[in-house]
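What follows are several structures.
Both complexes below contain chain A, partnered by chain B and then by chain C.
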Partner chain A sequence: MRRFLALRLAMSAIAVVLAAAFTFALIHLSPTDPVTLALGDGASAEQRRALSEQLGLNRSLAHQFGAWLGGALHGDFGQSIFTHQAVGAELARRLPVTLSLVGGAVLLALAIGLGLGFAAGLRRGSWADRVVTTVVSVGLAVPAFWLALLLSLAFAVKVRLFPVAGYTALTQDPFQWARGLVLPCFALSLYSAAVIARHMRGAVVDVLGSPYVEAVRARGTSRALLVRRYVLKNALATVTPVIGIQVAVLLATSVVMERVFVLPGIGSLLVSAVISSDFPILQGAILVVATLVILVNLLVDVGLGLLDPRVRPQ
Partner chain B sequence: MRMRNVLSLVAAFVLAALALSACGGSSSSSSGGSGGGTTTAASSGGSGPSGTLNLGTVIQLDNWNTLVKSGETYTAIPYESLLKVAPDGYTIQPYLATAWHQTPKRLDLTLRSGVVFHDGTPFDAQAVKQNIAWIQRSGSQWAAALAPIKQVVVKDPTHVSFLLSRQAPTLLENLTARGTFMVSPKEIATGRFDREDGTGPWTYDAAASQLGTKEVFHYFPRYWAPQNVGVKDIVMSVLQDPNTALSSLETGKVAATDLDAATLSAAQSAGMRVQATPTLIQHVLFLDRSRTFANENVRKAICSAIDPSAWVAAGLGGYGRPVAQRFPPGQPGYNASVTAYPHDLAAARRYMAAAGNPRISFTLPTWATNDAYSTLFAQELGQIGINVKLQKMDSGQYFTYYQSDKYPLQINTSASENTGPYDYYAFRFGPTGTGNPFHVKVPALAALAARALAETDPAAQNRIWSDMTQYIHDHALDCGFFQQDSAWAYDPHKLAGLPTTYLRPSAMRYHEIRLLGAAG
Partner chain C sequence: MSAAADRAVAPPPEAPASAARARRSRRPSTWRRLRRQPLALAALAGLAALIVVGLLAPVLAPFDPNAPDVLHRLQGPTARHWLGTDELGRDTLSRLLYGARTAMLTSFEAVALALVVGVSCGLLVGYLGGWWDRLAMRATDILQSIPSLIFAFAVIAVVGRGTTPTAIAVAVVFAIVFTRITRGLVLREREQQYVDAARVAALRTPRILFREILPNVLGPVIVEAAIMLGAAILLVAMLGFLGLGLGATTVDWGHMLDDARTYQGVQPFLALPPGLAITFAVLLFNFAGDGLRDAISGRAHEARPRRGARRRLRPHPRAAARGTGLAAGGRGEPATAAAGAAADDALLTVAGLRVEFPGEDGDPVEILSGVDFSLRRGETLGLVGESGSGKSMTALALLGLVPAPGRVTAGAARFGGEDLLALSEAELNRRRGARIATIFQDPIAGFSPLHTVGRQLVEPLQTHRGMSERAATQRVVELLELVGVPDAGRRIRDYPHQFSGGMAQRAMIAMALSCEPQLLIADEPTTALDVTVQAQVLDLLHDLSAQFDMSVLLITHDLGVVAEACDRVLVMYAGQIVEEGEVERVLARPRHPYTSALLAATPRNEAGGGRLPTVPGRVPPAWEWPSGCRFHPRCAHARETCRHGVIPFADGVRCARVHELETAASR
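This part shows the complex of A and B:
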């Protein structure tokens, strides 16, 4: 298991560096000139040269990437071209918001998806199974953006149970923090919950029909023990990779929720950086998001290794 | 055992995520449902600032460099200029300067005493001199606006003179503009502009704000005219989704917000009032008059083929109207005998025939705001045999390249044109003007501009500017003028109205906003 973990960690680190290099290359292929955007098109050649030197844009791409990566390893992501704020500090301010939103959505997606899928799989063909299947279809079809607006209209505007927009820090007011996240987390989680529910139902049905479960049942094992020790664990092993993919999907779609509910997370920072071609922010934010996705998938791999010894290297 | 390990791992991950969520992340709102503007009794304007004004906007704040802003949504809150314009958009009024006297060779200003910047630095003639020097060496469009100032002479702390290299008919207007806000010399010296240091009634609270999402301002206790200020605090929320903006208005999170045309009718249905103000005069700019649009008949053909009234209806939701020329009635340069080219396809085809029916094809860059009417423009030109390829861009790319020599035509405008006919000429037709990227010379216009600058009689000067407007029309150097309005929706129970300024984009006269008392 230790060897498995070490191997996965090493591969994750390589993946992070490759993601950073790929992002760097893509950003610098953009035709937009950040110096012109920052100084305006009336700037003199001297001013443009000075800013280019300050930003390191006059050096080769390889040199720029090396310098940036070296700084990033020490927590220095550079400075925003437009706000002059340290990129690291800005990311640190926004990361808790994104983690709150995506973390809450993940927990909801797991609770709803795993629960519904498990119940439907155990009661295959019953009315409960048909209801869950219908709910899953609706969840897959409803766009998150539209759902967010509906929820906001119903529960924030008409019935003022939740705030229409904005974020309260956990340390400032835990109750308002939670209250402000209910609607965006629910809207964000529904699609992923539907995907997880569908996979979980299928996995449970497959496990229940497998020969080893028949053999365990034939030995007189109680249904409760059968479900807990054999069905749940083996079904989870099948669904775990799907969960990892859904976390990446949630991170990508969180930017929509951030816009609708005015949450100052990394997603909205990314969008602003793309529009303004603020390269340092763009590079830092994409690296953080890529690292989060890689970390989650590392956890998924480790969890899968714990659940299913067959995936560990022999 | 293994299931316990898995559960332990998941639990550890959740705890770590919660811990990270607890670290930092400043709050960016109060809960919805509470009052969007703290209600007070209606103020008569003399009792000093009180209450909190909550506003929504699509504009984001990035830094406090006043020279590179495309509007004054944020900068008009903590900063002030030497002079200001009245609501009509062109009558000059005192501000940080209380009196002025202009001759063809100099402008003498008397400065207001007892004013300090937010960092405690006194506002005086020396600070004015440092600001002018900073603006002039910046290379921005505002450097061009202040180019006539060849020397700043400090007489005493409240008297300063600008010695002029030539007559400067629009200097006073330029001294009211957002690019000439007075900034603390200490902040100018740092060159960072990551904090504001103006002389205005409100200071920026960086600790309470979330840059780019919610900006918080508090009343500056040492402000020079507390009796002129209505509200004590301003909270500006960035609401880029129109549905969220509307919901925020309905729930009271904000008292007023800018909205797009499609959402304004929904706001009215919800009991909100809509206030629309003319903010921009857009038009077709024939940038490449050396090759693509060198032929005057081709330009006239385009001017006759287009239909700006359709652009306003489709692209602006009706918030605007076609106009005949660059300057409105009452402003220098206005010519009552100039009317817009009528939308006439038959006339357009005759002009094209007179030009020899050339095969013309060009690329027009567009972005979200002008996409709709740019599409109509392309269709209209297609009807007279001109092929327009639309190149969609994000706002960053668009504003990098729209006035470069990559594209022969634009549908746009610039604040550099607003202040008056000389600035319009210098920006648009001057050989080195930013709006003349192909550096096409127009000797007749250059001669008119030189004559106008040399003319000391204001009435005679105005006649020359009117002649310039006539020339531009007669030779179709620009056309397709249309007025674009900005519209705000506000809660009439919280605000009596929104004091805006004619033809000043994103300019709200925040001082004059008063919160209403609770109704019923």
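This part shows the complex of A and C:
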């Protein structure tokens, strides 16, 4: 198990570097010239050369990438082209917001999705199953940000249960922090909850139809034990990779949620960076998101290894 | 079911090329299945309507979607503006219609692009395999570590904003998914015979890829494309909502929602039309995709279980009650207790057992039509027949394990003074594994892959005998040693995938024996095993049945197994017992033409490599069982009398012409 962990960790590190290289390459493919962007068309050749030098643009691409990655490892992601603020500090300020939002949504999606899917799969064909299946179909189609709009209209504007917008740091006021996250987390989680429920239901149905469940029933094991010991574990092992993918989806969709509820997370930073072509911010933010996704995949792999002996290294 | 049985009776192997064609000709039944799914059909119709609306938006829209009207800003629905107006007084209905046009155009553009790129890449890497494949998969892994929306950001940052850049951004994201899906399908298809045949025929790679493989992977890919179209609409809407969308003059639903967000305090109604439109469009694509998927994979039936499926756990109480009498056959045919020896020494007596499944068109299809037999104490009774004859279903019915949505509709199974078919699930549970044990065809698949073998083996002892984990483990180790599993103390900590088939079947047998059952049901216990191991397992079963004083119901397709292991044999065809008798007699002088045909098709160790004789044709599916003698379409001796009426089971055989044929044979 230790070797397996070390191997997976090394692979993840490589994945982060490659993801960084990819983002870097993509952005440098852009026809937009950051120097022109920053200085406008009227800048003199002198000014342009000075800025080029300052940004390191006169060096080779490989050198630039090396320098950037080396800095990134120390938390130095360069400076914003426009505000000249350190990208690293900005990311660090915004990361807790994104993590709170996505973390809460992941927990909700797991609780709702696994619960509903499990219950529906065990009672296939019942009215409860049909209700869950219908809710799931709708959940897969409702755009998260529209749901967020409606929820905020209902529970923040009309009934003032929750704040309309804004983020309170956990360290500042835990209650306000939680209160502000209820609506965004719930709205964000719905789609992933639907996906997870759908897969969980399918997995439970498949497991119930498997030869080993027939064998378990044929040896007189009670249904309660069958469900608790065999169905739950086997279905969870099937759904675990889906959970990993959904965490990535939640990370991405959190961008939209940040816009609806005006949360100062990584997503809103990304959007403004895309609009203004602020490449250092773009690179840094994408790398942070990619690293989070790769970390989640690592966790999923380890979790799967714990669940399923067949994927454990011998 | 069993490969060997299928080989024995299958028609001569098809030419590979025609096999490929046969796979393609699934289409007609795909359409038939699709036609039976009203929801999917409605979704397809809705999509067609949505596309027409998009195309005709300029004609249908009552106003110019971009024409401001400052006097009528932020109105709710009025007679003039059915869905109200936005912050510039623009007509929401018109914007909604034009938005449909944008949504359809961008998502189709994106998915079409992704399809072309993704499917080509997938075909290529899947077919080339090796390093190409590994490299491409690692690359997609990396690309997929950047979530799709963020990826789209990066693409938009590079290529700029507008309809085509948005489509490109979405297409790049989806192309990766299509590559993976296609590649997975190609890897599966590569193993198919027809690809080998094409390679042997020295067809050129592109030809194999596009003419042979592509048609076969297209079905699943199209399904995925339908779902992706829905996802594309969501993604485009998100980009529009974030202000990264299509630009000022193009109307898109996401941007409309962003406006609604800004003015939600003044005119909350603004949020409704575009949100509903997106939800509705995505729903349509999802339902259409799901319907297509079910139709292509033939799972339409599974996807929407019928009412009454829940009744599977227990036979219908009334039916069970009806079946308690020995003579209760139902459906006009008198029950004819196969074993006239329903005598005192009978351990199990089955009478008039009927099992039904709902057919594709909703009418019930009977797959067991009045099965009667009895099993004596200490006897090993063979139940033999081709795949689809109902052997395994008979066993499952006895155990109360008929899979949903099938159910037992009539019959009785007397076992130790009670009717198994009338017992509740809880009562059955106390007998299963305790007094009736079962072993199955594929022993490895019969163990949960995530639990150690030991954990599963101790279960009957804990459940039925209330033994502690420790005592049960000790007993299981003894039993494993008894059935010949070496190093049993260590092996119980192994997982099923670490067992060979033969060892796993020995472990299954050890578990079956653990509560010392009176009856062991062995469903094709040797079929999945190597030939050399088969004989060992049969010998083991034989010795143990004597040692533990067990009766065995041995289900097999192989008369060789019957000859080796059984005392008496039942021959089953199309849901009925057609012959019954002592093994020596049946093998030496079969009376039913089906038994003769099976015997003739049993390979013997004779010299010479002539073609294996087969029973011509195959068991028809239950809904096509003919009237009269069910074997008559395949029978060389069939006459007009065989085609009609009910052929009774009399004197150990179910054949209208048995006496004629026997007289002719003895002459």
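The rule is simple: the second predicted complex is superposed on the first by the 313 of 314 C-alpha atoms of A that agree within 3 Å, B and C clash if a C-alpha of one lies under 4 Å from a C-alpha of the other, contacts with A are read in each partner's own complex, and residues count from 1 in each chain.
Please note the rule applied: a residue touches a chain if its C-beta (ideal position, glycine included) is under 8 Å from a C-beta of that chain, and two chains touch if they have at least 3 such contacts.
Everything quoted here is computed from the prediction, not taken from an experiment.
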Partner chain in contact with A:Tyr212 - chain B first, chain C second, else both or neither: second
Tell me which partner A:Ile275 touches in the superposition: chain B (first), chain C (second), both or neither. both
Counting only touches as set out at the top, which of chain B and chain C does A:Thr168 meet: first, second, both, neither? first
Look at A:Leu153 in the shared chain and tell me whether it touches chain B only, chain C only, both, or neither; answer first, second, both or neither. both
With the two complexes superposed on chain A, say which partner A:Tyr230 touches: chain B (first), chain C (second), both, or neither. second
Does the superposition put A:Leu26 against chain B (first), chain C (second), both, or neither? second
After superposition on the shared chain, which partner residues are touched by A:Asn297: those of chain B (first), chain C (second), both, or neither? second
Is A:Arg259 touching the first partner chain B, the second partner chain C, both, or neither of them? both
For A:Leu307, is the partner it touches chain B (first), chain C (second), both, or none of the two (neither)? both
Which chain A residues contact chain B in one complex and chain C in the other? 31, 149, 152-153, 157, 233, 259-260, 274-275, 277, 307
Seen from chain B, its contact residues with chain A in the complex are 2-3, 5-6, 9-10, 13-14, 17-18, 20-33, 60, 62-63, 67-68, 138-141, 143-144, 192-194, 210-214, 237-241, 243-244, 247-248, 250-251, 253, 394-397, 399-400, 403-404, 434
What part of chain A is in contact with chain C in the complex they form? 15, 18-19, 22-23, 26-27, 29-31, 123-126, 137-138, 140-143, 145-146, 149-150, 152-153, 157, 209-212, 214-223, 225, 229-230, 233-234, 237, 248-249, 251-253, 255-256, 259-260, 270-271, 273-275, 277, 279, 282, 286, 289-290, 293-294, 297, 307-310
Note which residues of chain A are touching chain B in the complex, please. 31-33, 36-44, 47, 80, 82-85, 90, 92-97, 99-100, 103, 107, 149, 152-153, 156-157, 160, 162-173, 176, 179-180, 233, 236, 259-264, 268-269, 272, 274-277, 299, 302-303, 306-307
Which residues of chain C touch chain A once you look at their complex with the stated criterion? 141-150, 153-158, 230, 234, 237-238, 241-244, 254, 257-258, 260-261, 264-265, 268, 271, 274-275, 278-280, 282-283, 286-287, 305-307, 309-310, 396, 399, 401, 403-405, 425, 428-434, 437-438, 440, 442, 445-451, 456, 459-460, 463-464, 495, 497, 508, 511-512
